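Which chain is which? They are A, B and C, in the order written, and residues in each are numbered from 1.
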Amino acid sequence: MLRGFNAVYDSLPYILSGIPITLGLVALSIALGLAIGVPMAIGQTYGNKETGRLISLYVWLFRGLPNLVLLFLFFFGVFPMLGIRLSPFVVAAIALGLRSAAYQTEIFRGAFLSLGEGQMLAARSLGMSKRKAIWNIMFPQAIRVALPGWSNEYPILLTDSSVAYAIGVMEILTRGNQMVTRTYQPMPIYFTCALIFILLNFGGIRLIHMIENLIRIPGFGREEQ
Amino acid sequence: MDSLLFIQNNLLSALWEGWGKTLRLIFMSVPFGLIVGIFIATGRVYGNSPLMFICRMYVLFFKGTPLLLLLFMIYFGLPPLGISFTPFTASVLGFILCMGAYSSEYIRGAIQSVKTGQVIAAQALGMTRWQSVFSIVLPQAFCRALPGVGNEIIYLIKYTSLAHIIAYIEVTGAGKIVAARFFRFTETFVVVGIIYLIMVSVATKLLKILEKRLSFPGM
Amino acid sequence: MNNTPVLKVQDIHKSFGNVEVLRGVSFEVEKGETKVFIGPSGTGKSTLLKCINQLTIPDRGNVWLNGREIVHSHVKINLYRQQMGMVFQNFFLFDHLTAVRNVEISLIKVKRMNRKEAREKAMEELSRVGMADKANSYPAELSGGQAQRLSIARALAMDPEVMLFDEPTSSLDPELTGEVLDVMRKLARGGMTMVVVTHEMGFARWAANEIFFMDEGVILESGPPAEMFTRPRFERTRRFISRMTELYAEEQSDG
């Protein structure tokens, strides 16, 4: 018991310094997913048929593959084959981000579809071009409709980010494992890691709800009770 | 050409065996995961307050903990405490616990959407509280929960790829070993990826059919 | 020059699949005139209005605005649409913007006005429809009548040559139609050129220079209100008008 406590005490600083790496990985993946997902959702909703099909194919592909397979494919396969040398962290962010993009495409597509065609008609009737209508009228509404589903990507990516362990990214779980081999106290250390993930999870969700409340406007999202 | 030969001669037989193990993981984990999910969900809705609390903590812990970490806890963390599992059992146990937590959320939502009148009507017929829950509420709830639960099944299929990290060599692990021996990573993981796409697509299709079968008028 | 109509519509045809919704519609509107379209549901009135500003592209036929033909080219069409305000049955307000932002967004993004000018102009338009005190409300916080008045202000802000109204009061509770019709009467008196699809026979009688009765994709007959209300040529027209007038009378006595 005491040995376990000591092991945790000694390992804690090292494990905690994995937090920025885990969160950085999550943030980069979400950002990449957003940067790709939103244009793809727009392409799927307002683009022509071929674009739509291509994007559906992307979504099907990246939703069907396990994170781990994507990681291995990119880290050991695709990037070395192309002669591109990237750090495990960057590869993990790319793989997780490309996958998140598929999910975010679905989330935003649903949001755009939910707006109905009236908003577009009204915008066009005022002389807005399609592009202006999408960016000024449809997108700001879609992002609000999508917000609850979209913020779900955070806990998903947070827990999924630990697969980056498999290619040696120095995130929380990797560090925890290193300390396990050093201290021979697996359960206390794994439990500590779990607590860190759980706290990051619920802390993050809290923060997201606060932001949601801040930008809430009448007619969108969960109504105040 | 070279790649095709490699795939045909070296890869497929190894993956074939791994695929069988992946399927074993899936078929063991899904039913038991669902059963756990049903119990947790029922406990959260109908249990007394200590049971409710335990169920809530269960969900909080297993949803918040990365699955890979959970597998480590079971496979490496428990033996020093005197509990040891084979890689297969440890993997399946981890998947069941995780799937139980995630699917219980959908089942709970579905239970709550079944009108309270249903329980009262069942009790009026002489059923006990738990009888009415299990024979009237849960079957209805299950139909409603199916789309969400189905999603979790799809997730689980993909998550089985984690098992090789705790030494159960399923299809991803089998691929990794062959790829490393022949230094053929791209071809290997493309083929492994195709295997997952097949499993996920078939599962999606089956779930759609099941959803259609189970839906009843007025749902 | 003086007798060029503001809007001239000639021989518009439109089919959806193999259903021919518009089968050759022509009419003209002079400056300051109000033309009212009436007719049973599904006869293509909404489609006609959308064909005028090319939200729906007609299969055949031409539209002239102030003597210039509207061709459906990608760039120019946005310029034409700025000159044709449109008001929809279901408002279609921009739900994420406050009332005043609803009015100014097109001024800023389309007319490239600076923010201060746009805000002033938007407030002016809100006052014009009696909505100045609701400037900072979101659409979800407005009543149907207020929402429709706001959507009129939004269209007016672009200083259109002609306003197209598609059943502006049909989705409103009877007691709210009055405030919207008041705004429209004011516009008519102020010399706005208007094309109005409506079932409000009282408004049609009062405001219209000419009433068109549409049936199955064509204008079955047209004439000044006095003529259309008292001695229409077709039995169908007579029956439609008398049924609508009865409904209208009922609503009046209810309210």
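What we mean here is this: contacts are C-beta pairs under 8 Å (C-beta built on N, C-alpha and C of every residue); 3 or more make two chains touch, one makes a residue touch a chain.
The shown structure was predicted, so the numbers you read here are calculated from the model rather than taken from an experiment.
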Distance-to-centre winner among chains (Cα means, whole assembly as reference): A
Interface ranked first by C-beta contact pairs: A-B
Whole-Å gap separating subunit B and subunit C, where each centre is the average of the chain's CA atoms: 57
Gap in Å, rounded to a whole number, between the CA centres of subunit B and subunit A: 21
Approximate Å spacing (C-alpha centroids) for the pair subunit A, subunit C: 46
Subunit C to subunit A touching residues, read off their complex: 50, 53, 55, 78-82, 84-86, 88, 90, 92-96, 105-106, 109-110, 138-141, 151, 154-155, 158
Touching residues (chain side subunit A, partner subunit B) in the complex: 60-61, 63-70, 72-73, 76-78, 80-81, 155, 158-163, 165-166, 173, 176-177, 180, 184-187, 190-191, 193-194, 197-198, 201-202
Subunit B residues within the subunit A interface of the complex: 60-61, 63-70, 72-73, 76-78, 80-81, 158-162, 165, 172, 175-176, 179, 185-190, 192-193, 196-197, 200-201
List of subunit A residues in touch with subunit C within their complex: 118-119, 121-129, 132, 136-137, 140-141, 144, 217-220
